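Structures are listed in the sections that come next.
One chain, chain A, links the two complexes that follow: it is found with chain B in the first and with chain C in the second.
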Partner chain A sequence: MAENGRPKVAFFDFACCEGCQLTVVDSLQTHLELVEAVEIVQFREAMTEKGEDYQIAFIEGSCTREQDEARLREIREQADIVVALGACAHIAGVNAIKNVQPSLQDVREYVYGDKWEQYDSYAARPISAVIEVDAVIPGCPIDRFEFLDVVKKLLLGKKPSVPDYPVCVECKLKENVCILETGGTCLGPITRAGCDAIYPTYGVGCLGCRGLISNPNENAMMDVLEEAGLTVEQLMSKMTMFNAYEPAHIGEAVASPAEE
Partner chain B sequence: MSLWVIDKQAMAPFVAKLMDDYRVVGPLAKGSQFAFDEVEDPADLRLDYNTSILPPKKYFQPPEERLMTFRRNGGTTVQPIVEAEPTVILGIHTCDLHAMRVLDEAFTQGYPDAHYTRRRRQAMVVSVECLEPCMEHSFCKSMGTLTADDGYDLHLTDLGAAYAVDVGSDEGKALLERFAEARPAAEADMQQLNKVLGAKWPRFPYKLETEVDELPALMSQSYESPVWEELAEICLACGQCTIVCPTCFCFDVYDEVDLSLQDGERRRRWDSCQLDLFATVAGGENFRESQAARLRHRFMRKGRYLRKKYDALGCVGCGRCARSCPVDISPVNVFNELHQVRA
Partner chain C sequence: MSTVDVNVNVHHLTRVEGHGNIVVDVQNGELKQCELQIVEAPRFFEAMLRGRPYYEASHITSRICGICATGHATASLRATENALGVEVSEQTELLRKLVFHGEIIDSHVLHVYMLVAPDFFGVGSVLPLASSHPDVVKRALRIKKLSGDLCAMISGRHTHPIAMTVGGFTHLPTIKEMLAVRERLVAAREDMDETISLLATLPWPEFERETEYVSLQKDEEYAFIDGRIATTDGFAYELPDYRNVTNEYLVPHSTAKHTKHNRDSYMVGALARFNNNYDQLHPRAKAAAEELGMKPVVTNSFLNSGAQAVEMVHCVEDSIRIIDELVDRGIEEEPPYEFQGKGGEGVGSCDVPRGILFHNYVIDDDGVIQGANCIIPTGQNYGNIEADMRALVPQILDRPQEEITHMMEMLVRAYDPCISCSTHFLNVEFV
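== the complex of A and B ==
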């Protein structure tokens, strides 16, 4: 704890676009009281100082290299509380699309060309596969109000929880005309709510960035999408856009691909 | 009480005058469907709507509301909040009128809910008689909700060039006298009304293969039916059915604080028995762990429990849940299947 009684907070990033941290920067502007509530000691995207004494670590990004593992463990060692910030850290997100390609080698060559050997890369994992995670803030990117809510819960000494019901609940409460009813495709029925159904509200089907609810009926969802006219290939790419990393294994420690 | 007539061209001025004294809400177009919302221009009002996405219950029990605020600074203080304002709800269909009986019972039995009752008291209900089936999913005729004798302040029936207005309460009469250019119905109006009402019934199909009064017994005998497991295979447990249901009223209460951790408010929001965590209690025990159990519970409430508890229909046949369901689970089909299995 800082001398002023505010917890010291640090932000870290791994394989990601840093869009979730941008949302945090944004929320610091719209909710100035955040700056009063915590003391930020490290936040590469927003400040030069780099304090190593912190209690709460927000981590954005997936673990995609062996050297990420050691850095994650260092952070875990220092922090009392580790929060996975956004889809990449929470469920491996779009990074895990490479996990379901026929060959990781092909992926590396496709992305890095003839320099592929200079860039380490193995199957993407959520940070919970490497270290214990105390709370998650799902989404691509995160929702600023959920970020605020998690901060409040942590300050209160409560374990933050995120909704465990589907996007349909929020969508219907907004009285949106259902995307599925109008012939579109939407993963809302199996995707974790908390985004205020932002995609369907603007007429686009949910892509599942917040991960799946605890007990999703994936078979029924696939039947619905097939009936909506998706080919098997389209269906699989939709289901794996954000959720290629086996949803049932989110939150579990998993052996490093480096050891395989 | 008494029958009046408003010419159709007098409706817009009527609504405009109401808007001076009340919040006026009614069915408005929303994309390809309709939703109850605040009327800003009387020309937007769509009394010819088929059905609304959410039922008008949202004006009595909002999806989310504040119950009280609290402060911890300088001695703990609590301030109850009842958010209600005089509202005219235009265009309620008779299925939804019947559904309001369930809500009235649920929120007034035992410990009356101040939030609900205040809003209910401040609301004027202007309902509309349905003359055509609204959609393939509705089965109001089978449930006995295709018309209503009471539950409204004013009730409109489309006579073509005019609306017949049945006055259902003293408040309704006052509303009509004060804001509308209406005339007492003449003999010819009565005849036209009878003709319109007589002609409507054959347009609506009976869909339930048993009698509505048989439902409680049918549900009672169907508790162990394999139908629940079969439905659970395809049910996504998305919760839409309960959210759009005009007789569902379950809610969750929670507290929110601001970042100073000193001030906050107690809120409540709609909940759904179809969601995993609904029946989960401290310690992690879930009393309805399987989707089959949750589905059965929903249908038991619609067909039996609410009838027993409130002597009111748990399902009014509006069809909203069937329309919303991504896998086409429809209560009338479920009731019929249970009936066939039993027969």
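== the complex of A and C ==
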């Protein structure tokens, strides 16, 4: 704890779009007092000062390089509490789409041509695959009110929790017409709630960015999507936009002779 | 012969989006090394799009950037629509322009107030300003909330937009919502005036280096979406010929590619648009430019932030105009686009907050993306940033090293670089 009694907080990012940190900045629009409640010692996107003494670390982004692992371990060593900020840190998010492409070498060559080996990258993984994580704020991007809620709980010494029921629950409470009933496709039945069903509310089926609930019935979900008219390829695409990460892919990537 | 030694090594430049380092090495007064190193982890979006259905592209590519998510979604949709031969309605065009204006304001206010202004107040971030200059910070947050709410009204949220889809929107704003935002836009004129007055008092560094300025251009309006590619060196290209402008090449110290056209480098962004399309700015925006002492062609890269403020004024006024037109016409539900079983290749382009952006897709007859290429504004600016650095360093060699470092940081920051955007893209040749 800082001398003034305010916990020292730092923000870090790895492979990501920094949209979650921007959402943090946006939370100041309604909660400017946040800057009084904590002492921010590092936040590269928004400030020049760079303190390495902090108790709470918010980490955005996926780990996609060996060099990122060392930095993650340093952060873990320093911080009492590590919070995964957003889908990339929580479940590897869209970064993991590359994990399910035919081969990682092909992906790297497609973008960097014959210089592909100069640009280090391995299968994307959530930060929990590298270090222990104390709390997560799911979503792509995070919801700013959920962020504020997590900060409040941490300041009170409580452990933040995330809902473990599907988006459908929140969607029903909003009295939305079910996207699946209107001929669309939606991952709401298996996806973790907490976003206030924002996609269906704006007319788009849930894309699964908050990750799956702990007991998802994926087979039934796929049956429903097939009935809605998706081809097998479209179905796999749908299931892997945010949820492509599987530990098995990491093994494959490491074992792949093409990667040696 | 000068005997000055200068060694600038900024490891992870702050108050920019993404990870970059500045390295300047001067030995005996001679510039040995002057680089903006891009060390951001590559993310490979183009490769990730292959094999996925066309309707996922705008949702995936908006995740390239948290700041210009709406811009990426728009360029992505235009590329897809051009590939599939989809015509969009006037209502869709108006709503897209409106949400785009929201993003321009949102991004520019973030850059001008939260990333650039601390340099002039002698602080490391906007946070200390909350107590020392609360009016300034509250004004910035007020403008940002308005632009965010404008985006949310149309697409659900600013980062990442939800309701924008191939052929139109999955959700439409109501007249009542638009009128409420209109009222706030009118009230924001005062904040715009204050912003310009504030910027007019700041001591902008004196630095001139002429370069080629590249942006979209349209006959009928100040271009942000579609149009042709125009440059201050007098060149013009249709969008499908974008590679004639970008000519990408690799440099070893960057995970992002550089580009060049008529000269060794060119500049994109608010200043490039201002220089190319000044005549089409709203009269209030022109008055703002005059107050800032800006008249095209402006060749001081630091004044990119000034051009951003001028564009904020323009976008506030043009948003009011668009809302009036939409309210006049009324909002109509439109049937969703249905895939016609015919693919093709398409280029989409927008002039997003940081400059001209290209998305180029090849889609097959099953609606599956077979090839993708995206060229990002910041990638196009790297060559020009380094050229500016090389020109500026000799002019300020007599200053203390700390000040040289600070000037270099301010120079790079002026371009509002979006580094994580720029690192997953390289020239991709379709096979």
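The rule is short, and it goes like this: the second predicted complex is superposed on the first by the 244 of 260 C-alpha atoms of A that agree within 3 Å, B and C clash if a C-alpha of one lies under 4 Å from a C-alpha of the other, contacts with A are read in each partner's own complex, and residues count from 1 in each chain.
We adopt the following convention: a residue touches a chain if its C-beta (ideal position, glycine included) is under 8 Å from a C-beta of that chain, and two chains touch if they have at least 3 such contacts.
Given the structure is predicted, the values throughout are model-derived calculations rather than measurements.
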Side-by-side fit of chain B and chain C on chain A, or clash: fit
Superposed model, angle subtended at chain A by chain C and chain B (C-alpha, nearest 10 degrees): 110
Contacts of A:Lys152 with chain B and chain C, given as first, second, both or neither: first
Partner chain(s) touched by A:Ser214 [first = chain B, second = chain C, both, neither]: first
Chain C versus chain B, contacts on chain A by residue: C
Touched partner set for A:Asp80, first chain B, second chain C, both or neither: neither
Which of chain B and chain C A:Asp223 touches, first, second, both or neither: first
Touching partner for A:Tyr112 - first (chain B), second (chain C), both, neither: second
Which superposed partner A:Val169 touches (first chain B, second chain C, both, neither): first
Overlay on chain A, chain C to chain B nearest C-alpha distance, Å: 11
Contact set on chain B toward chain A in their complex: 30-33, 35, 53-54, 63-64, 233-240, 243-244, 257-261, 270, 272, 275-277, 291, 323-324, 326-327
Complex contacts: residues of chain A adjacent to chain B: 31, 33-34, 36-37, 148, 151-152, 155-156, 164-166, 168-169, 172-173, 175-178, 180-182, 188-190, 213-215, 217, 219-221, 223-224
Residue numbers on chain A that touch chain C, as the complex places them: 14-23, 25-26, 28-30, 32, 35, 40, 43-50, 61, 64-65, 68, 93-95, 97-98, 101, 106-108, 110-113, 115, 118-119, 121, 140-141, 198-199, 201-204, 207, 233-234, 237, 241
Complex contact set, residues of chain C against chain A: 12, 14-19, 41-44, 46-48, 50-53, 56, 59-60, 63-67, 69, 110, 114-115, 118, 124-127, 130, 137-138, 141-142, 144-145, 148, 155-157, 159-160, 162-163, 165, 169-171, 250, 252, 255, 368, 420-421, 424-428
